[in-house]
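In the two assemblies presented below, chain A is common to both, partnered first by chain B and then by chain C.
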Partner chain A sequence: MRRLVAIIIAAWVSISASAAQSTQHETLHLHQRPSGRVTAHFAFAQSVAQSQAHALDDIARGFGIDEMALSFTQGTRCDSIATKVGCRPPGVVLWAWMRNNHSLSSVDTRWSALTNALAGTFCASLNFITPENSAEPQSSFTHSSVNSSLSSLRYASLPREITCTENLTPWSKLLPCSTKVNHLAHIKDRKMKPYCILGSKAGIASLFNAYAIYDADYHSMSVEVSRKCTSDTECTTEIRQDLVVALDPVRKGYQRNMDWSLQFLFGKEVAGSCPLNEIETNILVTLPKAEGFEFEGKVKPVYNDEKNAWVYSLELAKQFSMGVKYSDSKPDLSEKSKSTELIQIHRHLTGYGRERGGIKIRISNRDTKPRTVTLLEVLPWFIKLYMHTLQRTTYHITSQEVLSLSGEVVNQTLKYQPAIPRIRPSVIELTATLPGESITVFTFQFDRAFIKYTEHPPDANRGFDTGAAILTVHPASRTEKEYRLFSDVLLIALPTPDFSMPYNVITMSCTIVALYFGTVFNLIVKKLEGLDDSQLKKKWWMFWVKERSVLGKK
Partner chain B sequence: MEVLAVLGVVIRLALVQRTDFARTLDQRVEVSTPVTSFKRMQEGVFLWRNNINPYEGGVFHQAPLLLALFHVLDDRMIPYLFILLDILVAKMLVEIAKHRALDLKNQTWRPFFPSKEEKEALLAHESAESKTVTKESGVKKSDPTIPTESALVPLFVGVVYLLNPLSIVTCLARSMLVFNTAAVVTGVYFAVKGRQVYSMFFLALASYVSMYPVMFVLPCSMLIAKSLKVKIWPNIIFEQPFSASPVSFLLFATFTIALLGVSNVLMGSWDFLESTYGVILLVPDLQPNTGLWWYIFIEMFDQFRLFFLLVFQVFVVAFVLPLSLKFREHPLFVVAVFGIIIATFKSYPAVGDVAAYIPFVFMYQELFKYMKNLYIITHLGFSTCILLPLFYNLWIYAGSGNANFFYAITLIVGVAQVLLLGDFIGAMVRREWERGEGYAFRGRRIEVMLK
Partner chain C sequence: MSSLIRIQTVSILLILVALFVPVWWSTTQVHRAVLPTDQIRALAAAEAKNVFHTRVAVRFVSGKGQPKAVAESLQTHLNNLFGGASFHFAVRADASTEETQSTSGLYQLRIDCGVKNIQGEGSVKLFEDRVVSLQTPVECADTESIVAQAVAVVGGLFLDERADFARISGSSSHNNDDIRKVKFAPEYQLIFNLMNADPVNLLVSWDIQAAIKDYFQNFVDAVEKLYDFKIKSQTKYFTSLPIDPEVINAGKDGEMVYCLRPHHLPHFINSAEWSFGGSVVSTAPPLNFVVYVPPHAQSPLYIMGHDHGFLKTNSFLIPQWGGISIVNPPKMAPAVAIHENGTTLAIRNVPPKWTLSSSDLSDPMHIFIYQMREILGVKTVGLGSTEQLLPGFQFNYESSSVGITKWELDRLARLTTIQNIRNAVNTLNSLITLIESMEDMILGSTEHLLSS
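Coming up: the complex of A and B.
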């Protein structure tokens, strides 16, 4: 929050100082937990003014976007304490507020154009976002800065999209300090280190080593774009890029201890700060212990009480490396990943077999006050929901006693948009008040549709991933901000046909139809006639048939 | 016999207390289909009560008037309503069977005198005035070649329906098919009684619920014509002011339009057409059932989908006119045959469709002795009843089988029903032939050829 304010102020200052300059900001926060896991959060912020060029600014301007968020995530072992941007569900999540009146085309047309443009920008299969999996949530993603009467929201997720280097490379090109150092060298400093000139990034982005990042337990790469206009012509686009990587030095090292260094975690060092103006490059380190460790490296950090972290300020074109060595480096593995979050969501499937099923969503509220939340479920059309089976049970968090709901707590609104096969998904938005210190369980049933054999993915028996449910926690007071939680992704196996059968089935089924047609047609058209002796003459092979007395010709 | 009928009702009443049993049955694909499932009806009612258009989504595909009915009905009453409908169906079937028994009694056989001289005389007579002889009536009770029929016991037909496990499970699963069966049977009942307006109203209702009963309009108008002793179709326009079929068609169309109009007023739009009849016609929901459609349209190549949809739908109605013309003397038989055709070839068949036509087949029990494959058909019927749920479980739950297991059994269901259809029509053709033209071959094991 504080950082955001700082950025905004900085942006404002920069705009007022010189409109032609963009403001940048980059921070790396390394947060180690007692278990030894280090969550590295790379945060980049920039503000692009009207006169400047940036790929994302182009997209935002071209498609009339007020606000947009896109994330690529993989892995589930996200540490919610160490991550300030929150944990995101696996795959791709995209939502955008788009202005209703735009000279070019309707919101839906622009939404599909946007997904295609982003697909090109990030080298990802975002073009698989179609009306079939896009939703228009009504009460989730509400944001104070966007006027919902002038803009429309679109949301989609691709839970199966795998993120890799091919997405990281275009993403890092959008960074404020993405330009290759050798390109900037003549402007700033002609005495760059040779390997910098060979083409790595400057600033904290020089730590991006695909081998290290994609070896992590969890990594999430995101872009948030918001566009604000002070007048019709004066608009700035603020771009925030975050990369969260959960690394485990205990797992990585042979000694199985908590000691780590940048070189050890990323296999690289920081190539100095970003050689552009108005840049502040900081590295923050939060450690699980208050003492019993020492920092390695030439530069020593300063402890910042406010940020609760050790702070390094990077200098231009100066190789930077650091590390932490503990006197007792045994990790405290007994520490459970106990979340301090007040509200938690967990979702799982119920039932067995490939025909019917149910979804159970468990939301716990550890707060003493009642909280209002909105649950958003976007489920594909082949999950046929039975909303009349929606049930809610609320019980106390410790005593497990079922609470009878009364008063303001009982209000619960359901907005439900049924799915249309092959056209749109089902969208459930359930706004409910959770009593203080309670667990609320929602359940509902569904049928798995039998779909055409061409609609199955190549590995049909693996099943379909369905996007995470999103829990929007509405602010309890004015000082608080609305925030979102993501549930687990579900893997739903649909009944599969035999994929090698098309010809056989057509042949066999049509045989029955032909049998029916032939039989009935014969019986209708032909007449009966008794056979006379000559026609009934015993054939040579009918030796076992007795001679029969036959009446003569009729 | 009465005891058995009561037993059928008692079984229903006893099992209806077990709500979990009903729920399990409702979830069986053999019993309830996307267009008849009670769970989907509940979902539709839920959506409607929450001001969401139930026809917008891909779950609810049932008629608006049924939706309104279940919206109004109290939940505790619903299972008893289905039992009541089943009793009503059985009652109507008994009434139809009474009519049929009378019809059977009055059937005339061309006399046949077994002595050689007489036969020769008859043949000579026949060659002299070839066709007039067949018109000759008057049954000689002593004629030994006329088969002695065991009389049709009307109540037995009702018992066949009430004690049929297939109709019991359909009733307990609260499948909307019961409404369809009830409307069709009531329509046929009124047709037999010659009540044209009522008959057409109930047929319109049945077609409104599930579309395919529209096929019954022609045989029912023939039944009406037979019972009112008027012509089916006017020979020359205005020659005869009243003939059954045009009036029936007009009434049927009026009632259908009225029902659709009421539905439109109720729902406020025509959206329901696409979600009810559109689903029956275009088969977008490929949930397995006992029919042939689901697997072929799961496996169908996209570019041929429309073609095969058309072919399959055309085959259902292809024989409406030919069969009605061929058996114009026996409209009730045509009803039975259409029942079999619909149960085999409709887009979402279930075991309830089989349960609906079996009593009609039993009304023609005199044909059984002409049927060659009855033994095989019966056995196929029993074995598929066991294998359908078994193989479905292997595929969906155990995972030790695949879709082909279940598909193979639905194929056998198809084969069995086509065999029954062929045998049933063949038996009727043979019997009719023996009654008239083929009198000389009566009661003998003789080779007969179709030419």
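Coming up: the complex of A and C.
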């Protein structure tokens, strides 16, 4: 993709920018599936030169980062066909390759400084990433461009972290074309200055509408930073920002049909292209049907065979809107909407009760040839694993008969880092070969730890979220690239103590002490004297006094 | 109860109280480490005794005259003049052929005696690198009058500084210069910002690296021993002002000119939208210098001074923050870009581009250097008091090519030192006052601090 872009630039007749400038590029891809759901993928790419000031460039340079990826996701209904960057698990996922000998601080110190700096930049509580939930995977992120002898990898995830507009605003401020809208045309009439919560003056980022994005079934906001150094002093930082939103026009409209438009989904129009882009900005639209629809809007798109999409180009300073209307607009909710990925992973808990349990990971390989995968599991320390219970069973995908493994398929490598309570998590990296057309099931058992009274979260009976397992699929041939799949997030309920016990103890002891003290104090201090019968006049309610003859009288 | 039992009970109770109350007292005492309070209080008094030892080297250019006698007499007179406050002078005589290197704290006085200028009087010239030359019509043998003139020259150079030190060490009143100055830090982040208000109609870029290398780098190198600067640049787009400039029909053909009055200027910076935060990684305070290019709808934009005339420099300084310079763009026609799209040629609108080259930026850069001097607190070294003592003399000043002369640099170093000492003493004293006022506060162990 980058080479194609470079060729287009070289063929231009226009004024070229100097080498020290930063360049940027953006694309919007709208992909509608047969079920009616539209996945909008905003992709922004920037490269920042050496002397320019950019928050992510400062962070990358200050902490010696070679590559870093951070994603904020909410929702599990991700369509993996429609998303080019892949589906991410809910919550925050962060991994970074850091140089070993940068400045004088160790990788661990810089890792915690990095999480705090990112927490400040994105207004998210990333400071909860501590050594207690960080891992150093050995064979899962084998990226070709980073030299693993010079850099170390750190990975952490916070599955319970919620994303909202508060995170989207600083994220969109990192885009060069993004500021609050402040229309210059109305400058004489100050009262008419329109005001948007966030967004930009131009480019595809002008579609950002927090109400639409955070109403989506799935939304994921990610940043990838990589530094490329041609020499020791000349380094450029490449920043990729992606926002994936899965909107559902069938749910949103009253007609419950598949027709949609940008105004309908986002409530806005695109305010022209961003003037900083050297290459033209394209909006690609992929539709589930090949015919039986028509495009609304002033501009009509051009079909591009290679990308299998209809292409619109944005013009400078011209408002843009488009829509699609179908002749038969009923959504197709059948099996065709389901994912047809070759390799899929599912993970769930087994067992019952709050004392022990098990985890079952099911990986299916629909491909005819065997594939090598690496499964990375980072489990918190309060899940006490029993590695001797790790079992593997392989079934055929359709006939469900158990396959016996032979040949190269038997090769398995297990790297296991046992957990140290309150210091580090347990990390399992299992490299295995999946036979063609098979389902492989891994199971293992664990005990649930009884954690300290103060370590429980506010809603203790909800349980703890465990980060997703990462399945790295290694390339089968030279032309393929490795890719990653994320499994589901597990919710593990730990045995909870009775939180009212301290109150009960205090109340009971105070009561006992008070009763005891009162009685003993009275006994010590008060002098008991008997009453003379002669002084007592029996009243009508004093039933305990015996009638006595007083001086013989009755 | 019999009285014996009563006496026994009460006495046992009293014995227990007498035993356990001291135990309770000592175990519930707040741990307070011992602080050197007296030493800190004595620091304030010792501050007045801070004295800069300054060396002066006297040289007769022509070789005639008695440098040693002049030097001794000059030293005595100068120390009498300053009375041991703030400055102590050590004057030595140099041979006329010796070239002395310019080092901090060593100043050279070159005396050229027996020379008359046109009016028959002498002249004093202040060179850039710590040299002052005195050309006097008095004969070289007349040591006393030469010494009198030399005292006027050298003393006059340092009298202003002594007044400054007295003001700083004394009361805490601030004048405008103090408020303009940014707080001292050994490292600053210098960020040069280009604000492009309307990139859709004009896309501005600048060759800032070359401009910094041509104009600013020398200044940065000159103040190297005091400050470390991390220089960065950035361009911000769609930056429109939060205020509306006034429209004036001025100029020929009644063309519209936009202007900003002085009361608009505090609201110029749109701090909500334009993020000037500095780096997330470093704690060095940021100084921002902004080149603002107004949109076509608001250009040409000028700043009006208090006297209702447009400012020549079209710039202004924000104290302790940085400076802003407005550069008006030329009118440019819309541009198109043509590129090959397979077999066809596609044409699309692109914004016209305007690049500010290093020579275009020379005016803003010079203004920024001047604003930088104001922000750092550089004070000009002049011979104001000398002019009164030596009437009829001509006074010349050599200006610096880098933006700061060595005299000014030394003066800045001394001023910063005195100010930092004052701040440190103030802080320590107020800390001690605070600690003494809160008697229940725990003070941790200070052993590791006192040993360092």
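Quick note on the criterion: the second predicted complex is superposed on the first by the 455 of 554 C-alpha atoms of A that agree within 3 Å, B and C clash if a C-alpha of one lies under 4 Å from a C-alpha of the other, contacts with A are read in each partner's own complex, and residues count from 1 in each chain.
Keep in mind that, in the parts below, a residue touches a chain if its C-beta (ideal position, glycine included) is under 8 Å from a C-beta of that chain, and two chains touch if they have at least 3 such contacts.
Everything numeric here is computed off the predicted structure, so don't read it as measured data.
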- [ ] Using the touch definition from the top, say if A:104 reaches chain B (first), chain C (second), both or neither.
- [x] neither
Open item on the list: Per the contact definition in the header, classify A:54: touching chain B only (first), chain C only (second), both, or neither.
Closed with: second
Open item on the list: Once chain A of both complexes is superposed, is A:520 in touch with chain B (first), chain C (second), both, or neither?
Closed with: first
- [ ] Give one of first, second, both or neither to describe whether A:121 is in contact with chain B, with chain C, with both, or with none.
- [x] second
TODO: Could you figure out whether chain B or chain C reaches more residues of chain A?
DONE: B
Open item on the list: I'd like to know which partner A:449 touches here: chain B for first, chain C for second, both or neither.
Closed with: first
TODO: Examine A:62 and indicate which partner it touches, taking first as chain B and second as chain C; both and neither are also allowed.
DONE: second
Open item on the list: So in the superposed three-chain picture, is A:316 touching just chain B, just chain C, both, or none of them (first/second/both/neither)?
Closed with: second
Open item on the list: Shared contact residues on chain A, chain B side and chain C side combined as an intersection?
Closed with: 527
- [ ] Would you tell me which residues of chain A are touching chain B in their complex?
- [x] 352-356, 381, 384-388, 414, 416-422, 426, 447, 449-454, 495-498, 501-502, 505-506, 508-509, 512-513, 515-517, 519-520, 522-524, 526-531, 535-536, 548, 550-551, 554
Open item on the list: Give the list of chain A residues in touch with chain C in this complex.
Closed with: 8, 11-15, 17-18, 20-21, 51-55, 58-59, 61-63, 117, 120-121, 173, 176-177, 179-180, 182, 184, 187-188, 190, 200-202, 272, 275-276, 280, 313, 315-317, 527
Task: In the complex, chain B residues that touch chain A - done: 27, 29, 39-40, 42-43, 45-47, 50, 52, 54, 56-59, 123, 284-288, 292, 294-302, 308, 311-312, 315, 318-319, 322-323, 326, 341, 344-345, 395-397, 399, 402-404, 407, 411, 414-415, 418, 421-422, 425-426, 429-430, 433, 437-438, 440-441, 444-451
Open item on the list: Quick check: in the complex, which residue numbers of chain C touch chain A?
Closed with: 1, 191, 197-201, 203, 205, 207-209, 231-240, 244, 272-275, 277, 279-282, 295, 297-298, 335, 337-340, 348-351, 353, 355
